[in-house]
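Following are the structures in question.
In what comes next, chain A is part of two complexes: it sits with chain B in the first one and with chain C in the second one.
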Partner chain A sequence: MKIKYLIALYIFLAFASGIFAQTMSPAVAEYGKKANGSFKLQNNTLQPVAVVIEPFSFSVDKDGQHFRKLDATVHLDLSQTSARLGPKEIHEFSYKVKCDVLPCTFSLLTGMIIGHTQDGLAVRVILPHVVYICEKQKDCRAGVLRAAGL
Partner chain B sequence: MSRKIYRVLAVAALLFASVGVAEAQLNSTANSVALSMTVGESITISTTPANVTFTYSPAGAGTATASGPITVVTTANVLAGHQWIQGFAWLGSTTAALSGPSSIPASEVFAVINSNPTPMPCTSNGWKSPDFGVAGAFCGGSLFETDNPPAGAFTNTSVLTLSLNNLGAVAPGTYTGVLNIEAEVL
Partner chain C sequence: MKSCLLLLLLAAAPASAQVLQLDAGASTLYNASGATATLYTPNSTITAGVGYSNGHVILNASDTWLFRGATVTVGDKQFGFSFDGVGLGLAVKGLSFTKQTDSTTVTAFAGLTGAGIATPYITAVRAQNAGAGFFIVHKFHGAKLYSLEALDGGKYTAAQGITYQYGRTLGLAASGGVLNGTGFFNGAVSYKPAPAWNFSAAHESYLFPDRATGNNAGFSFTPAHFSLQGSWNESTYRGLTVVGETIGAGVRVGPVIAQSNVYHSGNKTFLTNNVTEKIQHLTFTQTETYSAQQSAWAFGGGYTSNRMSVSLNHSIIFLLNGEGFQQVTGISVSLRLHDTTLNASTVTTPFGKTLWTGYATDYVQIGDAVPGVTVRSHVGGRFIIAGVVRDASGAPVSGAAVEIGKDIAYTDAAGAFSVRARTAKPQALAVLPAVFAAPGAWVCVDAPASVAPGTPINIVVKRGS
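Now for the complex of A and B:
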C-alpha cells in the first residue's frame, strides 16, 4: 500500500517538476509623476529558480515595442536586481522611479533560466513588468499608445 | 376594595414598566463595511520541458534531432484595451547558438512552430519587437500574436520543435546554449 503512495507521489513530483511556470503580476503599471511601485513574481514550480531583472526604456509604434538601454532621465531605484525564488514562492520586488521627461516608459524584464542542462539548449523564460509614467496616472498607458498612433 | 385597586394598579404599573423597558431598546444606525478586492493583471508562461538535448547524426549534411518539442503555454488575465499579447523565442547568439568545441550558429538551428510544415532557420527578427532579444536569432517572427485581446482570461499554446541541419562534421564534445522565451502584454 505504502509503495503505491510512493509511486503516486513520485509520478506527481516528476510531472509537477516537468512543468515550468512563472507568473508576473501586475504585467502593466501606470503612475503619475513619482512612482513607488512593486510587482510580484511567482515561481509555480517545485524547484528553486534564480531571477535577474534588467530595466529597458522602450518606445512603441505600429511596428511594436522598441527597447533600448534605460534612459539617463529615468531614475530607477530597484529593491533587488536579482533573487532566488524558492519552490512556489511569491516574491515582491519594489521600486521607486522618477522621470525627468514625461511621459516615460520602461520595462523590467525578469529572466529565469529554468532548464539548466549540461548538454543542449536550456530554456530561459522572460516576463516583463511594463511601466508607464505620465503627469497624471489616469489613462497614462492609453495616452502613450494613442500618441504612438495605436 | 381599596386593596383590590392597589393590586390592579400594581399589576398595571408592572405591565407599563415592562412595556417601557421594551420601548427603551435602542438600535444603532446600520453601518456598512466595504469589502474590496483588487486583482492585478497577470501573465504566466510555462514551458514543458525546460531544456532540449540533441542527438547528432553525421548522415547527409549532418543533422541533429531534438529530444522533443517544447510546449509553451501563455496565460494572462488582463483588462480591456491592450494592443496585443505576444510570445517570442530566440537563441542566445547568432554566431554561437550552441557552443562547445566549435560554434553552431543560429542559421543551423531550425524551428517548426505549431503545425507549420516547413522548418525555418532561427535567423529572423522579432516580428513586432525587432529591438530586443538577439537580432537575427529569433525562431520565427513570433510564437504567437493576439491583437486587441478581450478582457479576462487569455490562453495560448504554442509548440516549438527544433532541429539542427547542415551541421557538417561536428567536433566531438558537449554543446550548450540558451533558448529565450518571452511573453508580453502591451
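Now for the complex of A and C:
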C-alpha cells in the first residue's frame, strides 16, 4: 500500500515541471513615429534577480550589430532603469521614445544577476529588447536591414 | 499518516499562488516520516507540514515575511547561534524577527521552546517550555561583538563574546558567560605570518556543574601541492588529564590526493592513510586505519553530475553487537528528473543496524497560466532622483543596490542609478550591501540619509565586512 502512495506522489511531483531561464518578450519591437512601448522580463528562478537596463544605439551591416552610446537624437523615457525581480516575477517595463532622425534603432540591454555571492563570480545574463522606429510601423525592421544591405 | 499526506497534496493543488515546494520522505535514521509544503509568494513564505516521529504526530506551520526591513516569522522556527566555538540551538514555536543593518544584526524570539525535529523533508518543534531571548552581532573596526541572552525553560543563557581580525595575519577571540546553565570561558588566537603558514592556540573552560578545561595548539603549512599539520590537545575533567597529539601530511598530484595522519593519546596510536582520486565526474577513495597492529580498510567511489549522484562506500568496522569486524556497505543515490529530486541513502550503525532515508523534493508552479506575479511600471513621475556609487578610489561600482523610498535601484556600468518620483519631497535613502549584484562583501562608507529630486547623490562604498 505504501508503494502505491509513493508512486502516486512521484507522478504528481514529476509532471509539475517549471521553466529554467530568464525570458524577455518581445525581443523585437517596431513602431511608427510615436513609440510608447513596453517589454516583459520574467524571472523563472526561485531567487531574486537584480536587473539593470542600459540603452544603446546600434547599426547593422554585413559584419553584424555595432553598439554605441545612445544617440543624442533619441529621447528615451524609461519607467525604471533598474529593478529587483522577486522569485517567478514578471516585470513589465514601459518606455516612451521620440527620435529626431528616422529611422532610429536602439537596444535596451537588460543585464540580470541572480543573487549575491560573497566569493566567486557573478554571472550576468544580458537579454536585448531591440526597438526599430520608422515613419511607418509596417516592415520597419525589414526596411532597416534592407538599407544595410542585408 | 497516509491520509494526512494525500490531504496535504490535494489541498495544495488548487491554491492560487506562485511556487510550491513539496518535500516528502521517511527514514529509520531520523525515525520520522512526513511531508512539508512551502509556498513562496512575493511577500511571504508559508510552510505547513505533518509527520510522525517516535510515536507522536508532529505538525509544522510558519509564515515568514518582511516588515519594515525586518524578517518576521510566526510559527515554527529553528535557530542556531554560534560564535567563538560557542553554540546554542533552539527550536521555537512562536514569534521571531531578524533585523540587519550594515553594522548590526539583531535576532529576537519569544514563544514555546522544546526539542527540534530536523529532517530534509520536515522540521518541527515539540513545544515543552516557555522561552525568549535575543542575539546581537555588532561590527566595528575589524571587531565583532556578540551578545546572546536566552531563557529556554529553566535553562538560562547569558553569553558575551568578541572577535578581532587584524588584516589577514592575526585573529583573536574571547567569550564567556553562562550557556544553558553552564558557566564557560573560551579564548583563541590564530597567527598567519605567511599565506601558507597558520598557527593557532585555544583554551576552553566549563565551570559547573563539573569543571572541564581544554587547551590546544596547532600549526599548518599548506604550500601549493603539499600540506603538513600538527596539533597538541589537553583536557582535564574531574581531575583526570588526557593529552593527545596528532601530526599529518598530504600531497596532491594531478587528480590524486594522498593524506596520512598519526593520532596519539595515552597508550593508543592510530595511523590513517587516505588516497582520493578525482577523474571528471568520478571520485574514488581508499582508507587504511592502523591501530594496535590491526588494519582496517575502507573503499568508496561515487559519480556526480547535474542530474545524478551515486556513491558507494565499503568498509570494515568493529561492531559492538558481538559480531566483531564486519564488512558494511553504504549507498547514497540522488536523482533529478525535471523539477523533482529523489534521494535515498543507507548507513550502518556501530551496533550493526542498517538505517535508511528516502525523500523527494519538487517545485511546482501553480495558479493560473501566468506563473508569477506581474509587476507593471509606467513612465510616470516627473521627478527623477539620480546618483552615482563609487568606491574609495573614485571608481564607479556596478551592481550596487540603493533603496530610495520603497524602490530599489541598481547601478549600471558607470555606477549610475535613477528612480522616478511623483513628488519633490525628500525620500529616505539606504544602501543595501546584502543585495548588491556586485560580488563580494561591501560596506557603505558615506551616503545621505535622505534625498530629493534634482540633488546629485554621491555614495561611497568599499569592500569589506
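Annotations
The working rule: the second predicted complex is superposed on the first by the 128 of 150 C-alpha atoms of A that agree within 3 Å, B and C clash if a C-alpha of one lies under 4 Å from a C-alpha of the other, contacts with A are read in each partner's own complex, and residues count from 1 in each chain.
Here is the rule we go by: a residue touches a chain if its C-beta (ideal position, glycine included) is under 8 Å from a C-beta of that chain, and two chains touch if they have at least 3 such contacts.
Just so it is clear, the structure is predicted and the values come from calculations on it, not from any experiment.
When the shared chain is aligned, chain B comes close enough to touch A:F67, but chain C does not.
Of the two partner chains placed by the overlay, only chain C lies in contact with A:A50; chain B stays clear of it.
After overlaying the two complexes on the shared chain, residue contacts for A:V125 are found with chain B alone; chain C is out of touch. Of the two partner chains, chain B is the only one that A:Q22 touches; chain C does not reach it. In the overlay built on the shared chain, the residue A:G149 is in contact with neither chain B nor chain C. Applying the stated contact rule after C-alpha superposition, one finds that A:L78 touches chain C and leaves chain B untouched. Of the two partner chains placed by the overlay, chain B and chain C both lie in contact with A:H116. Touch criterion met: A:I90 reaches chain C, while chain B stays clear of it.
Residues 18-19, 42, 44, 113, 116-122, 124 of chain A lie at the contact with chain B in one complex and at the contact with chain C in the other.
Of all residues in chain A, those touching chain B in their complex are 18-28, 42, 44, 56, 58, 60, 63-68, 109, 111, 113-128, 130, 141-142, 145, 150.
The touching residues of chain A, counted against chain C in their complex, run 1-2, 5, 9-10, 12-19, 38, 40, 42-44, 46, 48, 50-52, 54, 77-96, 113, 116-122, 124. Considering their complex, residues 40-54, 66-67, 70, 73, 76, 78, 81-83, 91-92, 97-98, 126-132, 162, 174-186 of chain B touch chain A. Looking at the complex, you find that chain C touches chain A at residues 2, 5-6, 9, 18-19, 22, 24, 40, 42, 337-340, 342, 360, 362-366, 370-380, 398-399, 401, 407-413, 417-420, 434-441.
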